[in-house]
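In order of appearance the chains are A, B, C and D, and numbering begins at 1 in each one.
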Amino acid sequence: MFNLQLTADQLQFRDTIRNFVKNEIKPLATHPQRLEPFAKPLLRDCMDKASELGLRSILLSEEKGGIGADLMTACIVLEELAAGDVDVAMTIGETALIGHLLFDKWITKDQEKSLLERFVEQNHFHLSFTNPTMKMSEGWSYYGEKSENSQNSITYLEKNNNWVIKGSHPHISNALAAELFIVMAHPIKEKNIEQNMSFFLVQRDTPGLKIAELRDDKENSAASWRHGCSAAIEFDNCKIPLNHKLNLSHKELLAHATYGKQATLINAAINLGLGRAAFDTAFDYTQIRRQGGRNIIEHQAIGKMVADMAIKLELASTYIYKAAWISDHPEVEDDNSVSPLPHHMIASIFTAEAVNEVALIAAECFGAMGVMRDMPIQSYVNDSFMFLHSDINDMASKLPIAEMLIKFQGMEAA
Amino acid sequence: MFNLQLTADQLQFRDTIRNFVKNEIKPLATHPQRLEPFAKPLLRDCMDKASELGLRSILLSEEKGGIGADLMTACIVLEELAAGDVDVAMTIGETALIGHLLFDKWITKDQEKSLLERFVEQNHFHLSFTNPTMKMSEGWSYYGEKSENSQNSITYLEKNNNWVIKGSHPHISNALAAELFIVMAHPIKEKNIEQNMSFFLVQRDTPGLKIAELRDDKENSAASWRHGCSAAIEFDNCKIPLNHKLNLSHKELLAHATYGKQATLINAAINLGLGRAAFDTAFDYTQIRRQGGRNIIEHQAIGKMVADMAIKLELASTYIYKAAWISDHPEVEDDNSVSPLPHHMIASIFTAEAVNEVALIAAECFGAMGVMRDMPIQSYVNDSFMFLHSDINDMASKLPIAEMLIKFQGMEAA
Amino acid sequence: MDFSLNEEQLTWQKKAREFANTKIRPISMDRDQIEGGFGPWDWSVIEEGSKLGFRTQAVPKKWGGEGTGFVTQALVMMELAKGDSAICKAFSQNWKWSHLIVNACNEDQKERFLKPFIKDHRYLIGRGITEPNAGCDNRFPPKKDPESGYKLKAERDGDSWILNGDKCFIANGSVGSLFLLDARTNAKVDIKRGGTLFLVPKDTPGFTVGKIFNKRGWRFYQNAELIFENARVPHANVIGNVGTGSVKAGGGDTTGGDLFGDLELAANAVGVCDDAIEMAMKFVDTQEKSGKYLIDHQLVQLSISEMHMLTEALRSLVMRVAWEHDQGKRSAIGVFMVNYSTDVIQKVTKLNMKVHGAEGIRINPRVDKLVRDSMVWSHLAGDTVLRLKAVSKLDFPNAWSDKKIPLNTTQAAE
Amino acid sequence: MDFSLNEEQLTWQKKAREFANTKIRPISMDRDQIEGGFGPWDWSVIEEGSKLGFRTQAVPKKWGGEGTGFVTQALVMMELAKGDSAICKAFSQNWKWSHLIVNACNEDQKERFLKPFIKDHRYLIGRGITEPNAGCDNRFPPKKDPESGYKLKAERDGDSWILNGDKCFIANGSVGSLFLLDARTNAKVDIKRGGTLFLVPKDTPGFTVGKIFNKRGWRFYQNAELIFENARVPHANVIGNVGTGSVKAGGGDTTGGDLFGDLELAANAVGVCDDAIEMAMKFVDTQEKSGKYLIDHQLVQLSISEMHMLTEALRSLVMRVAWEHDQGKRSAIGVFMVNYSTDVIQKVTKLNMKVHGAEGIRINPRVDKLVRDSMVWSHLAGDTVLRLKAVSKLDFPNAWSDKKIPLNTTQAAE
């Protein structure tokens, strides 16, 4: 029955991560020397420690050696982690999701052999996936012709008992940290890309695999616009063994659609964690900063700003829990207990808008300090803009919701 | 465990009311002749039919003859009813809440006698309560001196084995429909009002009780600003038997604080129902109105408006369920499963803002038709402004949330 | 650069202010609150205003009018609208079409229609464009559907045209003596080639007034249905040439986006905002909450501040455009201005409502009226279509800079 | 009324545009992306601009400056800021204080400071008001706490004053040759009586520059900490009289709310908006989504339309206020304008970001820069305190109407 109570395990897990963030991550993440430069170094030690706490394999089933949490629990925990550092959370979240899908669903017993062991045991073993569900034009095709889903430029061919992978991608999540890449490729010279997509396992040390460390490229640093540790990758005739092809077609992948939905929700939870970090720092400040003869929190104008922030975060949090729980229990959509809506998209859009507003209000609480690079708040603002204006373009992102509504014939359910 | 599934009973109840609204209320409520005048007549027949379906006693326990639903179920059902007519829903909702508190909690066996029987059996038996928790200055006293909670001008004294009630109140919910009034009064000449408040049961036919039917007062009709059927009442030396005093002090009432919280949530659910009605009518229209060579829904600009409306309503709905469930299960606040926030206030404020925005967007979908008095949409817009700018004043309504946040020391829980 | 007003402008401003204060404002609320569509209308204020020149502002002196420029007209509208937005519009609607007659009609037509217009204090003019199925399509005829747009049929019969069909929402419909009617002389081609503009006096046989619309805002102002059953109009009443498209014939376009049309609504909005500000200032300066005047609460100060800020920005834009229009400069800025006036009038009147709040079950009826009047803008001036339209005009000259950005397309998306 | 520009204004506008296009814009992004606080600074562009008169715009011709009026200054700032907002500010900051020196200093002081200022192309001026614990309190000294506000101590010692204390965030701090410093000559009374304004050259013994702030936006522009350890300043450097309050002494107020200060930020904002619009227009006119140019998508049209609309409203308000200020009219409208410029610059640069979106893991770095620069306004021009302040000035005259509403209090709430 309807119940909003979290389990003792969930509450305890959340507290553990909260303490971990407070004691281990925050001091490093918000150190002025880290904040001042354009390029913030990735906190690899923190990532390893988070792995130690089980976060990298939080979604992996217990039988495979993971924690076996559901998506909602993962969202709760990743939100906490993100309140410490967004990039750490994005990297861990991506690995956790791919790890679960790969090892619990896609990989064969034969293929998993040494890989699973390494994944479970090595704290720095991250995963990366060239995202096949990312639609460059989502929304823009509203009531028009749908453009092709895949604009893949990575090809494969069989040669001398190997697969040879060739091509590049400008933007692969987790590329800087991943030890193992799941690569979507189509047969060379094949025109019908969509129908013939295959997926390959490529290890980091494969000769010919190049990863562009944009983050260290000063010239482009201000133009970099990403969370986590994505980068461009290139496959220069990478040879991989024949058994490193997954038994998974693009059609099957889309049929599940799990990766896209779940990744969207994990990102929303991380975005929310960022918003909480912005709120917390501003809220603390309003209680110590004195102007007008009193702490500034005591001024009506600031009180209203604080309330506005709290309301937005509370709404976003409530909705992310809902969307994640529905993702864990899709059967609930059949009995009209919830509205037939793209919950993950609503969670993502609402959270991105809300957190950007929260970050801007929070920055205003700091007065002139709100634009100083050695203050965490300015990086929160920056991060919030990245969440709002990434995924190619947020302009048309609501249009698919309208399309779905029409399909559902007017929201018959509540 | 965390679960968003509704019970089969809840789903069925919702469907029943949805059909009732569609077949019985909508045709009357949205008839152009009813919509055109400033003063819309109260749909008393619909109210009686809704009573027949059990809504008037939805919160009353089964042992007393009611349905015994929890607040969340009542919110679900009243939202549906409000999508048909806000005034009907407000009247029924108020009666349902007071009926539960009065007969399940406040009244003695001896007092309830004929009253409970009449309440349960008579479809037009409505209840009214002079609201003691309504704080005229809530919020305005932010970080200042709190003004008195009660500005009561109704007094009582004992005389010839009767209580004599005297005084007036400009704004009593349900006054036009109530058969029984719970009247808050203080002893005449008593200065310490707060500590000496008592509550009396006054029946409608009591000599000296006058109810001002403002709604029929043409002169003031455009200035009327209320939902449901509130009115001014006056007690001109009303004599009532000694045993019609409730065994309930003001302090006890405030300690429960149930009436205020629950009434706020019921109003929020009704407000949401209004928003859904506005959305539904606009959404339908965008699918039949052709301009630009296609139905207007197919234009990006309209698609975005539709999505924006859906997102706002979905968020409000999700949050009202949450707040209502917490109200039904206050113990959840102890274990940090939910944030220590005034959930009912957040639900109310967010919903009022969201529904006003939805109504205005919906009206725009109608073009020039959006301002015509024979179209339901214009009354939805009007109703949404009333929700947003009532309860005396919405300006300072967020400040108590800031005050509570500080008390909670920075939202330690999620 | 010189922003000061000349003697003539100051004189008209003063005259309008006095008329608004002594004749318009005193009847404003009474007329607003009369039930029905025609009920609020009052000939006496029109006649009195006409005697002072407020009906014939835009007719050149050589034809017997006042011959004021756009700056003066803007100033007069601001003052009249401060008294009552709808009454102001009932006057200025005549200016709009006298501009058109002066610019587009031949001498014979001016002789036949301007002279009686000047003489008769009850002679009002309207224009019929909109039809039930032709709203936006009249502004943006979709390329793919050439038959869209108005359908009122005009067939040649000797020296006459026979009109058949309906117009709806036509301003001054129930009180006008003359209508400029957009009719279809060729239904097979788009309205730019198949449309023709006619002068149609009220007493034309076969022309009757149908439904008078009962509106939520601008209640004084009349909008009605016009019905044509074999109505015979002499060929001499064709404005310009047959089939040149009524837009071209009218020397402007169908949205009122000619030199006067945009200005009219934007200037009217300034007047309403000034009214709202004055009401709000008086209120916050006299009412107390929690022991302080409202003006001493920060949240009230922020609201008052925003009301002024938006109004002054709008006033500045309106005065600039009025001057540019006096120079004969037609630009996209006019459309931006009228879009902007929608945002401002709605925000400012809503803030006024917020500041006032409701008092019990009443609200200051004028506070409500201003919000209701402001709603009309959504459907005239600020709707999405007009915002799209602005883009199609972007290749504009600018008084203060010479930016001119070539567009690949000046066609709005369909 | 005449909005056209005269020959002198057009000449300066053209000159500024050319300088912005050839000298500022080419270095704008490079300087922005240099790490550190001082790093982005570049003397050569200052020197080149100074040679063309952009450093000395506001000094009267009799003292060797350019002697332009406020309208010209506004036009020049719009053009320079379109090249780079921060570089424009590095120039105009000198105008601000040359206005002050011209208005408030005695002939001896002008002789000693204006002459070297004119001569040396690297001579820049700053003003030190803000201190770590004195931000808003300098604008609104709270009555209950007279000791609040700046604390830099100035003690008389013969013909000199000895300064001790710190200033922070001081503009031009790291590059200025002269500072106007607000110091406390009496710590026991409020700053209106205990404050004094001093002229302090950079080479004053005991005066050193501390931390140079590394900002998120306006990176070129310098803000630094100023440290005073027994710095000795001659009594002849006191502006006005001792203890008249530095606000009064400065002939304006501490927020830059004097005749030039508000104008400076608002005009700069117009330039940034023009830049954003030009970028957006070029982008949407060349990029395709789903087979159409972006400009052919309605959602893009709405965004572009809003960018223009807001910018033209702001431009109109700025030009009006510039003219009013040339007439010596001081009013609340200046504060409304600068508040408004905050709303507009932030909305317009955000829309530009929205229209551009991210491309993979990159964003056009100038799109990001404009958003970062616009953030500075929150902390200078549009913060809540300044919005409150506007109300305290409401008793204002108005070029186009004579409204004048008496307030019971002109004091902002504390």
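The rule we apply is simple: a contact is a pair of C-beta atoms (placed from the backbone, for glycine too) under 8 Å apart; a residue touches a chain by one contact, two chains touch by 3 or more.
Just so we're clear, the structure is a prediction, and the values are computed from it rather than from any experiment.
Visitor: Please flag the chain sitting at the greatest distance from subunit A, going by CA centroids.
Guide: Farthest chain from subunit A, going by C-alpha centroids: C.
Visitor: For the chain pairs B-C and A-C, which is connected through the larger number of C-beta pairs in contact?
Guide: Between B-C and A-C, contacts are more numerous in B-C.
Visitor: Can you work out the whole-Å distance between the CA centroids of subunit A and subunit C?
Guide: 51
Visitor: Using mean C-alpha positions as chain centres, tell me how far subunit C is from subunit D in Å, no decimals.
Guide: The computed centroid separation for subunit C versus subunit D comes out at 40 Å.
Visitor: Which positions in subunit B are in touch with at least two other chains?
Guide: Correct list: 294, 299-302, 304, 396, 399.
Visitor: Which residues does subunit D have that touch at least 2 chains other than itself?
Guide: As it turns out, subunit D has residues touching two or more other chains at 292, 297-299, 302, 384, 388, 413.
Visitor: Flag every residue of subunit A that touches subunit D in the complex, lowest number first.
Guide: Going by the criterion above, the answer is residues 36-38, 137, 140-141, 144-145, 147, 170-171, 214, 220-226, 230-232, 290-294, 300-302, 305, 360, 363-364, 366-368, 370-374, 378, 381-382, 385-386, 389-396, 399.
Visitor: Residues of subunit C touching subunit D in their complex?
Guide: 1-6, 9, 13, 71, 75, 78, 274, 277-278, 281-282, 285-286, 292-293, 295-298, 301-302, 304-306, 308-310, 312-317, 319-320, 323-324, 332-333, 336-337, 339-340, 384, 387-388, 390-391, 394, 399-401, 403, 405-409, 411-413
Visitor: Inside the complex, what are the residues of subunit B that reach subunit A?
Guide: So the residues of subunit B in touch with subunit A come to 1-7, 11, 14, 72, 76, 79-80, 142-143, 276, 279-280, 283-284, 287, 294, 297-300, 302-304, 306-308, 310-311, 314-315, 317-319, 321-322, 325-326, 329, 332, 335-339, 341, 346, 349-350, 396, 398-399, 401-403, 405-406, 410-411, 414.
Visitor: Using the touch rule from the top, collect the residues of subunit D that touch subunit B in their complex.
Guide: On the subunit D side, the touching residues are 297-299, 302.
Visitor: Which of the residues in subunit D end up touching subunit A in this complex?
Guide: Against subunit A, the touching part of subunit D is residues 29, 32-33, 35-36, 130, 133, 135-137, 140, 142-145, 148, 169, 213-218, 289-292, 297, 299-300, 303, 353-365, 368-369, 371-372, 375-376, 378-380, 383-384, 388, 413-414.
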